[in-house]
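In order of appearance the chains are A, B, C and D, and numbering begins at 1 in each one.
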Amino acid sequence: MALDPGIIFIGDLVAIFSVYLIINLSLNLEFGFGGVPNFGKVLAVAGGAFVMGTIPFMVFGMLVDYGALEPVDDNIMLVHQINAYIEAHPESVLGVFAITLIVAVAVGGLLGLASAYPAIRLRGDYLAITLLGFGEIIRIIGINHTSLVGGTLGISVPDMLAFVPNEYRFLTASFVLLAFAGVIYLLVARFTKSPVGRLLRATRDDDLALQTLGRDPVKIKFKVMMLAGMLGAVGGVMYASYVEGVVAFGYDRLNWTFLPFVMIIVGGMANNKGVLVGTFLFVAIRKLVIYYNDSLDGLLPFDIIWLDYLALGGLMILVLIFRPHGIIPERPQKTESLEKG
Amino acid sequence: MNLLTVSELRKSFGGLHALDGATLDLHPNKINLLIGANGSGKSTLINTVSGLWAPNGGRVTLRGKDITGLPPHRIFEHGIMRTFQIPKHFAGLSLMENMLMAHPEPGESFRKALVPLQWKSYEASQTKKALGILESLELLPLRDKLSFEISGGQIKLLELGKTLMADTEIIMLDEPIAGVNPTLAHKIFKKIKEILKGGVTFLIIEHRLDIALHYADYVFVMGDGRVVAHDLPDRILDNKEVQESYLGK
Amino acid sequence: MASSGDDHQGAPFAQDAGGATSSGDSAPDIDGGHPAIEIKELACGYGKNQVLHGVDFSADVSKITAIVGSNGSGKSTLLKALFGLCDVKSGSIRALGRDITRIPTHAILNYGISYMAQRKNVFQDLTLRENLAVVAGRHRADRAMDHFPELLPFLDRPAITLSGGQRQLLAMAMILVHNPKIMLFDEPTAALSPKNADIIIEKIKDLNAEHDNCIVLVEQNVKHALRNCDKVYLLASGNVVYGGDPETLLNDKDLASKYLGM
Amino acid sequence: MTIILFDGLIYASVLAVLCVGLSLTYKITSVPNFAHTSFAILGMYMALIMAKVLDVSVYLALPVAFAASGALALFMYYGIIRILQKKKSSLISLIIATLAFDMFMIGVLNIIADGIRNTYQVNSRDFTLRSLDIVIGGDGGLPLVFVVTLVLLAGLALGLYCLLYRTSFGMSLRGAIENESLAQTLGINTRTIFCFAWFLSGGLAGMAGVLMSMWFQGDPSLAAIMLPSIFAGSIVGGFSSVYGAILGGVLVGLSEVVGTSILIDLLGYWVIPYRPVIPFIAMIVTLLVLPGGLIQLITKYQKRKNMTMKKAEEEKEDRREEEDGVGA
């Protein structure tokens, strides 16, 4: 099947943009609004992806007779069998995917809660170290606990869009992801425009003052980390189902913690539009770099994959020094918008 | 029944006894002034009563109910609000938003946030109330400014506005007129007098006696972590203990 | 004074060793007619928060100048401005005829000025000897103590174990090591017992008498300050409301009652 | 058994040296430096270059790595951290900046590794220089790197003590760390002092990296793998004390190596990859139970003693006052 490279480019751009938008919105909720610097963002994302790597097999197991096949050991064959089932029974996808999402949301919330528990009472620097550590641990577990998501080799997951004719399948995936991201964007925007958004920004600005005004910052931080964990896990599910696989190695600090931080800081924190802009900018630039990989390769004296690290690290430092408030700086809500009853 | 009673409150930092058995009984619906030299324990008293620091001993009771050592947000829920000497405000929030933060709202629930029906009208009425207060404090034109964009005096006014929004029974102010010019200082105290009519009780720490004594209804004097004297404002300065501990021998 | 030690390199106004009580060894350009400290139209503060709004101030050699005023009036900030510890927005500061307005803090010592902060004016975790060594280098540390025999028994104890009065003495010993011509004291008697406060004030007066130093004193205790100074400035809300001799201020009923609570 | 002993002691010592540097810069800057391990990896590649490219003794890499990594740390402090601090950036921004620098350095180190491989056809990933080391007493004897590592750690402990407690420069450093603005008013140029301390911290990490590569495997990915361990070491010991860092580094290092080998005996080989979990658990338990670290046990006692002494002085003073009569 031959799709036009331009369409592949745009479709992939839209899909990756949607995944990152979901994750960045969740990071923005906890960090930009709530002030909890979750340097272990990858934890929730990987959690969601791992759910995508396990739950569908279990649920389809109730519908399809696996025989002696095991999800990890006989991965390819099993996925093939399930995909065939999906083609025949498209309606099954709705249920399976919904169950997967629900489980992922629960797992993400629990992971948020678990990482919040030791961390939330700690000072800013200890908090950072602890959360970072959580992010590293899940990767270690994913890589070494082979029965979970296939260890170093990874695992393929059933194609939830296997019922869509091949030539539309790719664009449909991008569209579904974009729709999901769009809905989540609208919900988050609505959420942060409500008094909760104000409450979160106040927690971030001065939790002691907030405490003397009758709110419990610890509880608020717990809640926001849980919520962000849930959303992060949704992002993980989306990504895993888009690439139709889970490889634990891929859930590293650069891609799923650091990059989201860069995106929201460059775009503008505590500002959903800023997140939108920042996310689009970076996904597009990275896509372009990969697209023109071959022509760049000759120009650079080194392997192109390291450019990512150099550019993102360097850019982040420059932004922190010269434009710490991002492209669209945070603005408080105008009184007029509060007045409308 | 007594409103707020502090009895034998003790708090020490390392070897330093910042509070060494402080005892006082607030006069309801009055301006209670708390004075004393630097380091006599005034701020420590407020910090301990408001739950910022857990006391090492003693009791704080509100209408006979023990509220000793409760966390600050619980103290607030019991109807005691406080301000800080260096005003604490939310730097990323506008003046209006700062005002709205002074009182918990139903819309702050994570669950209700997406259902505006459940909080929109309350939010609107709070906004209206805040607008009225800001107007009376002549801060209305600044309502959408960030709190660091306004002057020190205006911030002191904002603090006062927040106490009005919070609507608590007892208000503890830590140096409400520090660093404020005399005209504004008088204005602030006049406003406090006005708020008093709503049935609240004030406990105010203030150094600038020339202004504060004018407005106080009752004065407590602290020295070395204890309340060493209390009297009516016009008599307090004649007290020998007070002169010794406060003005230097 | 035996403790004066050798010349500190780079300190233009360091006195000769054993300069005794004479005033003849002071740096020559002090006689040039300008006051030891001259501040013009100084506006400064911390970040966006402006504390002083155009303050004029001067202090003379061999005089004690006191600064009084209520909390938050800007007394301490004035001293901090002299020592580069707050952001100067406009105005100028001259010391002994030289402009020091935006000199970095650590270099100001070289202009013959030293400053004793109100709190945290010694390194608590360091022993007394180490505290002195930080300022003086290891060798002159012991000699700096000649003026403060009461501290000698504690030389090897961490400064945190000192009482309030002893700590203030140590802080004084530390700023004296370089033989400054101008000494700034920020509430040296705060939180001290009356007896200790007297000891500190006497020490300061001794120094002034012995070395013809210019001493600037910020004081919370107004009566104390007025009794001991030659000249007084009264600050209120970041402005000078009075500058002149102490008696006039005491007799000015309006000012005294309004700002001093008398 | 001896292998575990060598493994454990070398790893523990190297970790301790890294922890000292991390704690030193943390004390000065109040920012945990997440790029600290990249200084060590730079040292590793200096060792590889010296040994395999320039073909000289790998021990010559120690001073070279000290200078190179020190310079890198100095650049990081002066070019990034100080600028951000001057702009009054929040702690979180500073932490993000160190993470960003770490990312940048991952790129740089990988480029160096690739460069060495492509230009000199030398294996530059998962390499070890163990075979180049001198073994004292022939096969099965004492490897020199083992001796050097222990000597370095002991020398560091002693040297730091002499520097901090016996020279006026060290006293100024301690003073400047305790109270920067007081130090400035007393004429100390704190900037110079802090620059020196950062240089020292980076340099030590570089040397640790050289020694690492002479016993274990060197690879750019080690930066991320070792990071939790050195933070755990510093925190277990007490983050704001260099001696606590030595203690914590040694403890965490030993428990990682020895603990893993015990767990292998008990549970089987599958536990090996989970080794990084050990320091992480140690860190969390410390933070929850004893946030000041092990050194807190000692300093607490010292503090109480100090407070008693202070109280005694004050009481003496009060008595004197009473005898003299108040207001005399």
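Definition applied: a residue touches a chain if its C-beta (ideal position, glycine included) is under 8 Å from a C-beta of that chain, and two chains touch if they have at least 3 such contacts.
These figures come from a predicted structure and were not determined experimentally.
**Q** Where the centre means the average of the CA atoms, what chain is farthest from chain C?
**A** Chain A.
**Q** Looking only at C-beta pairs that count as contacts, which pair of chains has more of them, B-C or A-D?
**A** Answer to which pair has more contacts is A-D.
**Q** Where the centre of all protein Cα atoms falls, which chain's Cα centre is nearest to that point?
**A** Ranked by how close its C-alpha centre lies to the overall one, first comes D.
**Q** Provide the C-alpha centroid distance between chain B and chain C, rounded to the nearest whole angstrom.
**A** 36
**Q** Centroid of chain A to centroid of chain D, CA atoms only: how many Å?
**A** 34
**Q** How big is the gap, in whole Å, between where the Cα atoms of chain A centre and where those of chain C centre?
**A** Centres of chain A and chain C (C-alpha means) sit 59 Å apart.
**Q** Between chain B and chain D, what's the gap in Å when you average each chain's C-alpha atoms?
**A** It comes to 47 Å between the two C-alpha centres.
**Q** Would you pick out the residues of chain C that each touch at least 2 other chains?
**A** 194
**Q** Note the residues in chain D that touch 2 or more other chains, in rising order.
**A** As it turns out, chain D has residues touching two or more other chains at 310, 326-327.
**Q** Considering the complex alone, what residue numbers of chain D touch chain A?
**A** 26, 30-32, 34, 80, 83-84, 87, 89, 91-93, 95-97, 99-108, 110-111, 114-115, 224, 227-228, 231, 235, 270, 273-274, 276-277, 280, 283-284, 287-288, 291
**Q** Would you pull the chain B residues touching chain C in the complex into a rising list?
**A** Per the touch definition, chain B meets chain C at residues 37-39, 148, 152, 175, 178-182, 207-210, 247-249.
**Q** Residue numbers of chain C touching chain B in their complex, please.
**A** Within the complex, chain C contacts chain B at residues 48-49, 51, 70-73, 190-191, 194, 220-221, 223-224, 237, 257-259, 261.
**Q** Give every residue of chain A touching chain B within the complex, in rising order.
**A** Contact set of chain A toward chain B: 187, 190-191, 194-199, 201-202, 204-206, 208-216, 223, 227, 270, 330, 332-335, 338-341.
**Q** Okay, in this complex, where on chain D does chain C touch?
**A** 88, 165, 167-168, 171-172, 174-175, 178-179, 181-190, 306, 309-310, 313-314, 316-318, 320-321, 324, 326-328
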